[in-house]
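Right, one structure below, let's go through it.
Residue numbering begins at 1 within each chain, and the chains themselves are lettered A, B, C and D in the order written.
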């Protein structure tokens, strides 16, 4: 049987920096603790939210170890190890496994558009070097390549590629995955504004940075779906949809940091060229968050 | 209170032609009767499915009268009256009202891209000449113009524009409509593969040609949603999704005609340049339909 | 040898309306005369500029006859006869031939996306009913279908389809036409801002509404190219590019009418839902036109 | 006066790897020498062709030094120093300057979509740390961000940002640059199939990997333009357009390596996940190259 350690709300922490733009590990651990304490069902460091591509190898390793240490097996961990070259992806995947990660997430990062064969070989090479499961991640907007459903099907034939995360924002992709690959395939939604539609379509989980700001709403949406309460799920979704759209539109690292500040929490600094959210956007986010409290 | 005569499954009949490519009214009436008898909640002649733009004025009038006569008030009728010029749209809208239609559907057909002001004036002029309600229809793929949520909001300020049909295939548009315009706005889904996602998002009805072929599945999806049975709705949706995607991908008039033939019904001929579905596509449709019987 | 009656600047007149939105034939003739007198190499009524799809059959016939009468064989005429149905396209093509047109232009207007076979049969049917040459017109933005280079190649196998007008705005399409179809194929540019690039790529002519406003600049660009004067062509092109971009961006019927007014000419009225250019746009156009005089 | 060291054909070498996927510096130098010897007007290591993002810092430094040493001031060098973080971009820009580069090329690489302000600050920070000129490079397909003409205008206000390379494949962008920024702004074409259109529009140079395979054709196109020989330029362009389209469609590193092999030269290996061109594509390239010899 396939090894699928995740369901429900998989929370993505940001990577906070100090004033010199160095990674702030103590603050990172505090942010991870908040996510675990709030009831998230999984934790995923070194995703897009965690600005993976902006970090050095040493920083990635420190983040990986800090996460696993802080979570301490309370919930499963999913570590991002994507890299442009196959060699580096293998390196980070092995590091994550040795550090104790439950699974790794890999997006086929692409500068030169990869052929399907190149992508399959890339995953196959990494998969053969580790024994923990892999979540294959499709997000053309950040990764630069759009894996077709046919390609995803090929990837799932690799034994430890057991999960798919879809972030194209097209609910029909999920219909295809479910219809074509069968009910047993674990697919996850990575597009925040599609949270309701994706769960309705049968997504096993929701990969999201939103629990940094509104964990109760995220978790209660999942519970309403689990309890077959459609109208309730609809109400809970419409409460949070504005925030979900806002954080996606303005960029997750910037908006999560700003949102944490609004909630009275320290979100650290960003690394250049990323800059803090503009003042007018901060005010809009404040309005959205305050509106949720009522 | 707003006049909103439709909910549930609004069925779109095709317009059948005889061997000389003339409209076949007796066969059209028979096809309408099938839709009413199958339990559809509304009937909508002269839509895209009914090849509205390929018909002469006289043919449109004959179809309108035949529908209203055949339906005979058993369920409400929604008559398509879209035209490139405002003058002709007024003409057909008045004809439909006089013939006894419950509402008219208008898409802002566009050869020259219309400005928002031009679209508002177009609807306003038509609306001022009739007293039955109007469903404003957004479908950039066929109409050539994509009405923004902001524009749809302006249209809803016209008293008898009371309904919106969204066919962009983007479920987030429906989120916006619901969130921005309030729970009272009646929006309808016109994108077949989004049927489940749209109902989940709060759509009041589903405008579809599918009841020509699979009325029971369409209606039972709506009932499962009404009964708050999410898992059941999911199962019913996944049964029909392949057919829904097929008829959209290959063109509704061609596929409905071919599907009727497969079911042993007369679907008439098409009008040139439209040709029948190709043999390989007919075989694929046959497989999909046979698969549904089991 | 192929019958190719056009080269150089093929001018598109607008269709002016009176205050009751009826076609104003006397004014139309006057506008045609301006185009002939200014030195245009061909004249093309009932194009997009002439709002073909907004006209009744009788109006199209009146415009066709008025053009041929006014031009009186001084330059060749290219009459637009596109229609959604094949039957109507045949009807108007025969009318144009009988009225004395030198060629007809046909875009495969599409409500339901046509297959390649449907498009070929459409052209083939029309071509078999007339003996004057046909210009096949590709413009996905207004026609709704994008004919691939492969399809255009098939169309050119029909004996009297002798010319292609490309308006996708992608100069690489022209490279393909020239490279794949040989130097003998007559292709024409329908994208105003590409005028220089298209002539450089070997276009035989430029189909444009711009001669209604700046005939000298249009014609002198063509002459510079003919004389192998690249730097001069570049200078002449950069003089007019702003106007070319403006009239495309804001819509040809609206901007040509406004431009005629700025030049002190009567441009008539538009037919609803089309409205006159907004005041701020009129002012911008005035600035562009005045700038050209210096 | 602005410091603009480049015009004409700016050649991009590939970065060859050995059998262990290590950078092969001796072979790289040989490939650079070929480009210089063939008459290229400039040389640009560490571009997309040179798989910049797949290299470690040490490898980038070795390539930079090898280029400058091999070229030995015979023609100017343009070194790619783009990086996701500002800090790293500064680091590599300073290294290139110290090593003796004539200019650096910077594309605003983007994982998280950058705001205009973030991009300006990024360039400004780098520019303030070096004194050689910068070529700002716009290529949404590889960089992930599309810099608007307005943004490019802002970048040109930074004193040592003196050149723009446009690779959107839209010739209208070049019209805008020339029209809006004046004849003095040096813009370069980075889209191979647009070579003729771009020179016609006034591009000062052509940034291209094609001289690895067909230097004579690339250089003679530039000379024909310089000599105001439009028809000759057209002929020379049409000779090479098929190859230009092929190498872009199939990926520059793969196709240049394959083309070198076809020409009897050693092109080294690629770094995973990139794989050699597939056999059928190699055969197509062979046909294209052989066709050029006749």
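Operating definition for what follows: a contact is a pair of C-beta atoms (placed from the backbone, for glycine too) under 8 Å apart; a residue touches a chain by one contact, two chains touch by 3 or more.
These numbers were taken from a predicted model, which means no experiment stands behind them.
Most remote from subunit D, judged by the distance between CA-atom centroids, is B.
Should one ask which of C-D and A-D has more C-beta pairs in contact, the pair is A-D.
In whole angstrom, the spacing between the mean C-alpha positions of subunit A and subunit C is 52.
Computed from the mean C-alpha positions, the centre of subunit A lies at a distance of 35 Å from the centre of subunit D. Between the CA-based centres of subunit C and subunit D the separation comes to 38 Å, rounded to the whole angstrom.
Residue positions of subunit A with contacts to 2 or more other chains are absent. Touching pairs of chains, sorted by label, consist of A-B, A-D, B-C, C-D. Touching subunit C in their complex are the following residues of subunit D: 169, 171-172, 175, 178-179, 193-194, 196-197, 200-202, 225, 228-231, 233-234, 238, 241-242, 245. Contacts from subunit B toward subunit C in the complex involve residues 21, 48, 51, 53-54, 84-87, 108, 111-115, 117-119, 121-122, 125, 142, 144, 251-254, 271-275, 278.
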